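What follows are several structures.
Heads up, the next two complexes both have chain A, just with different partners, chain B and then chain C.
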Partner chain A sequence: MQASRARLFKEYKEVQREKGVDPDIQLICDDSNIFKWTALIKGPSETPYEGGVFQLAFAIPEQYPLLPPQVRFLTKIFHPNVHFKTGEICLDILKNAWSPAWTLQSVCRAIIALMSHPEPDSPLNCDSGNLLRSGDVRGYRSMARMYTKLAAMPKKGAESSHTL
Partner chain B sequence: MAAEAEASVRKRKAGEDADHGSGVDVHVEAVDSATAEPPSTEEIPKSSDDTAFNSNPNPSESFLFEDDYGYSCSCVDDGDIMKQYTDIRAVEAAKIPYLGDKEPLSSLAAEFQSGSPILQEKIKLLGEQYAAIRRTRGDGNCFYRGFMYSYLEHILDAQDKAEVDRVLSNIEQCRKTLQFLGYADFTFEDFFSIFIEQLESVLQGSETSISHEELLKRSRDQSISDYVVMFFRFVTAGEIRRRAEFFEPFVAGLSNMSVNQFVKASVEPMGEESDHVHIIALSDALGVPIRVVYLDRSSCDSSSPTINHHDFIPSSSSSSASDHLTKSRVTLLYRPGHYDILYPN
Partner chain C sequence: MAVSSSAGDDGLRPPPQQCPICLQSIKQEAYLDRCFHSFCHQCIAQWVQYVGNKNSESMTSIKCPLCKTDNLSIVYGFNGQNFQRQYVNPKLEQRSFSDAHEFRMKFYIGDKGPTDGLFHVEQYWKRRKYLQKNPWLQQWLIREVQTLSQDEDVEVIVHHIIGVAEIFFKRQQNGENKATPEQQRIQFRTLLSDAARPFLAGYTERFINELESFLVSGLNVEAYDKVCMQQISEPSSSGSLDSSSPCDETLQHVYLPYFDEDIEIDK
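Presenting the complex of A and B:
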């Protein structure tokens, strides 16, 4: 508990120091709880997520960094490896391939890389996975694009709380 | 940053409590996985989900956006298998602490009493050179855990201040290696300081000095033991990557991964088992010789089996190798898939 707090504090300082270095990621620590973070990540270019801003929720276990953070999408996303309802992410480094060498920041980068390179053979979202597996890239892209527009882009006229 | 975003997905989804018996039909399984979702799904009215599902006898009619009939999701299925596998391992592992008590070698003989005659013969031979064994938990970290205790116990027994100073300077090199490779300091420094703390406290004569009992207690305490294991994993990872060219053929013999992928997948994560690649790297990086004694059924001549061992001599060792070997050697007993600590006569 003490060790995880100390580590998270170091990550917090690093995030403050490196602010803006990676324009695609904005990590925010909860005001009152260092074990709760959120991140805003930009959908990578040349993907159906381009132009969208996606919110991630981090719940960090007491045994961090020996155990991985629990991360899920708060913003709805149509992607083979993200559960459509819960936002759960199927990514090895968040499960058995986790190591303390990863950081909250590098986890965000891994998730952005996953958005660019979906793995349809181990889907959490079967519909999305099936579209890609059956070769219907156009179908997948248009569904993913629609949800990006619906959920991850500021609506015209509405306050744009999701801008980076 | 060291951890560049290499996203790869494994067919696995941990953290699910689904306990599927065999022979469940599709409907039951789908409902199971719906109710076994992580507790963080507060925005989803679960009960209505279940009813919606049950009232639809043909899930394929609601093909789009009803992905909670998870039976075709290999991620979920494989996740269940993996979960079951890790559960079994956890139950097995909990039977012994991270490090057991020192046991006479006869306890090993008793274990194989009704086993292979070759093994029985080999254990008898083992008894000529070794007096005792200390078992480690089979949680994938046994090599590092065995090395940790064996090495620290050796320092405690020998009160070898020179060896501590020597290894401290090697540790400094390892730190520089990791920095050079691009690891952020804060990712590894806590693990380094926990090990250095243990190393210094086994030397007697200071306020923080500890006894054998305390060393064993700490080695069984997860918050110290796992941190030391992770320290060794960082050191091993740094050494393999620093000398990637040297290790490449070894890695190629074990897997079809690149050296960096291998380090990410098989060295840095806790619970990943160790092979000769890891042992060479750790021994070289810290400059500590390791003897591994092999106990398996292999035998050139079944009438007179011999015990094989391999000495891992650090490549950078400045003093003569024989000098090193007598001074500080960690001796481990290898049975396929597992390392325990051996005590010479």
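Presenting the complex of A and C:
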């Protein structure tokens, strides 16, 4: 417990110090609970997620960093490895391949990499996975693009709450 | 399940001396035996224990948190003289070395050898007793170097050390060396130190002391161990071992004949 708190505090300081070093990631710690974090990540360019801003929720276990953080998308996303309803992410480093050398920041980078390189063979979103597996890249892209526009982009005319 | 890039590259590596697990500066530095990545001893030991508990069958190796290399042990507590080693699978530790190795290690950790001043070092050099080859030297060296290097495969090192010693003794035999016995002794020790130091580092000086003791004793490995053990159990009786009447009757048959006073080698 003490070790996880110390480590998270160190990560918090690092995030404050390196603010803006990685413009694609913004990590925010909950005001009252260091075990709850959110992150805003930019959809990577040349993907259907480009231009979108996606919100992630981190729930960090007490045994962190022996155990990985639980991460899910709060923003709706159409992606083979993200559960469409719950936002759960299927990513090896968040499960078996976790190593305590990963940080919240590097986990965000891994998730951005996953957005660029979906793995349709281990789908949590079967519709999305099936489109890619059947070779319908165009179908996948247009669906993903539509949901990015619907859920991850500021509405035209409305004041955006997601700014990076 | 999606596969991400390795944790080893792309900016994950922290600046040196920061433990990648707790992100603080490293306390009680420990490193993995294959990839040499450093961590706090407590951090990496905890990770090994955690992974071990998670897996039902016993593991023999641990993947480095940074580079995923399979490692067999954690090395820690190193100070140039000693180090400690914690195997991922404790059985491996027992498999590698015998009790005798462990017993010998104790001599090297203490600050005084058990046989210091026990044998007649001066006579050995004066009477050129080294001209009689000790047939147990190789066996003894293998065990000592294994103990000190914590490595099973020491054949090359032992071969090297024996080679240096034999060349020296051959020169002595040919009478090329005109130095006094005391100078010859120093020459021998310097040569052997230089040969052993790259492999034994901080242990070198003690190793040379032990090597000389062993050669001077003229005993075989078992008998030499027995004398050492005796010295440890009765440290008060630290009187010099009289070569003509060994204190232990059972040791007599293992002495080389040059312990008999009547053997003299002409200068």
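We adopt the following convention: the second predicted complex is superposed on the first by the 164 of 164 C-alpha atoms of A that agree within 3 Å, B and C clash if a C-alpha of one lies under 4 Å from a C-alpha of the other, contacts with A are read in each partner's own complex, and residues count from 1 in each chain.
Please note the rule applied: contacts are C-beta pairs under 8 Å (C-beta built on N, C-alpha and C of every residue); 3 or more make two chains touch, one makes a residue touch a chain.
All figures in this text were calculated on a predicted structure; none of them were measured in a lab.
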Checklist line | chain A as common anchor, with chain B and chain C clashing or fitting | finding: clash
Notebook entry, point to check: Of the partners chain B and chain C, which touch A:40 in the superposed model: first, second, both, neither?
Noted result: neither
Notebook entry, point to check: Which partner reaches more residues of chain A, chain B or chain C?
Noted result: B
Notebook entry, point to check: Between chain B (first) and chain C (second), which does A:92 come into contact with in this model arrangement: first, second, both, or neither?
Noted result: both
Check: In the superposed arrangement, which partner chain does A:56 touch: chain B (first), chain C (second), both, or neither?
Finding: neither
Check: Which partner does A:126 reach: the first (chain B), the second (chain C), both, or neither?
Finding: first
Next item on the list: Mind working out whether A:27 is in touch with chain B, chain C, both or neither, as first, second, both or neither?
Entry: neither
Check: Touch check for A:70: first (chain B), second (chain C), both, or neither?
Finding: first
Margin query: With the touch criterion stated at the top, can you tell me which chain A residues are shared between the chain B interface and the chain C interface?
Written below: 3, 6-7, 10-11, 14, 65-66, 81, 90-93, 95-97, 99-103, 106, 109-110, 113-114, 117, 119, 122
Notebook entry, point to check: Taking the complex as given, what residues does chain A use to touch chain B?
Noted result: 3, 6-7, 10-11, 14, 59, 65-66, 70, 72, 81, 83-86, 88, 90-93, 95-103, 105-106, 109-114, 117, 119, 121-127, 129
Notebook entry, point to check: Tell me, which parts of chain C touch chain A in their complex?
Noted result: 1-5, 7, 10-12, 20-24, 43, 46-47, 50, 63, 65-66, 68
Check: Which bits of chain A are touching chain C when the two form their complex?
Finding: 3, 6-7, 10-11, 14, 63, 65-66, 81, 90-93, 95-97, 99-103, 106, 109-110, 113-114, 117-119, 122
Notebook entry, point to check: Given the complex with chain A, which residues does chain B contribute to the contact?
Noted result: 1-15, 37-38, 40-41, 44, 63-65, 67-68, 70, 72-76, 78, 82, 183-184, 186-188, 190-191, 223, 226-227, 230, 233-234, 237, 264-265, 268-271
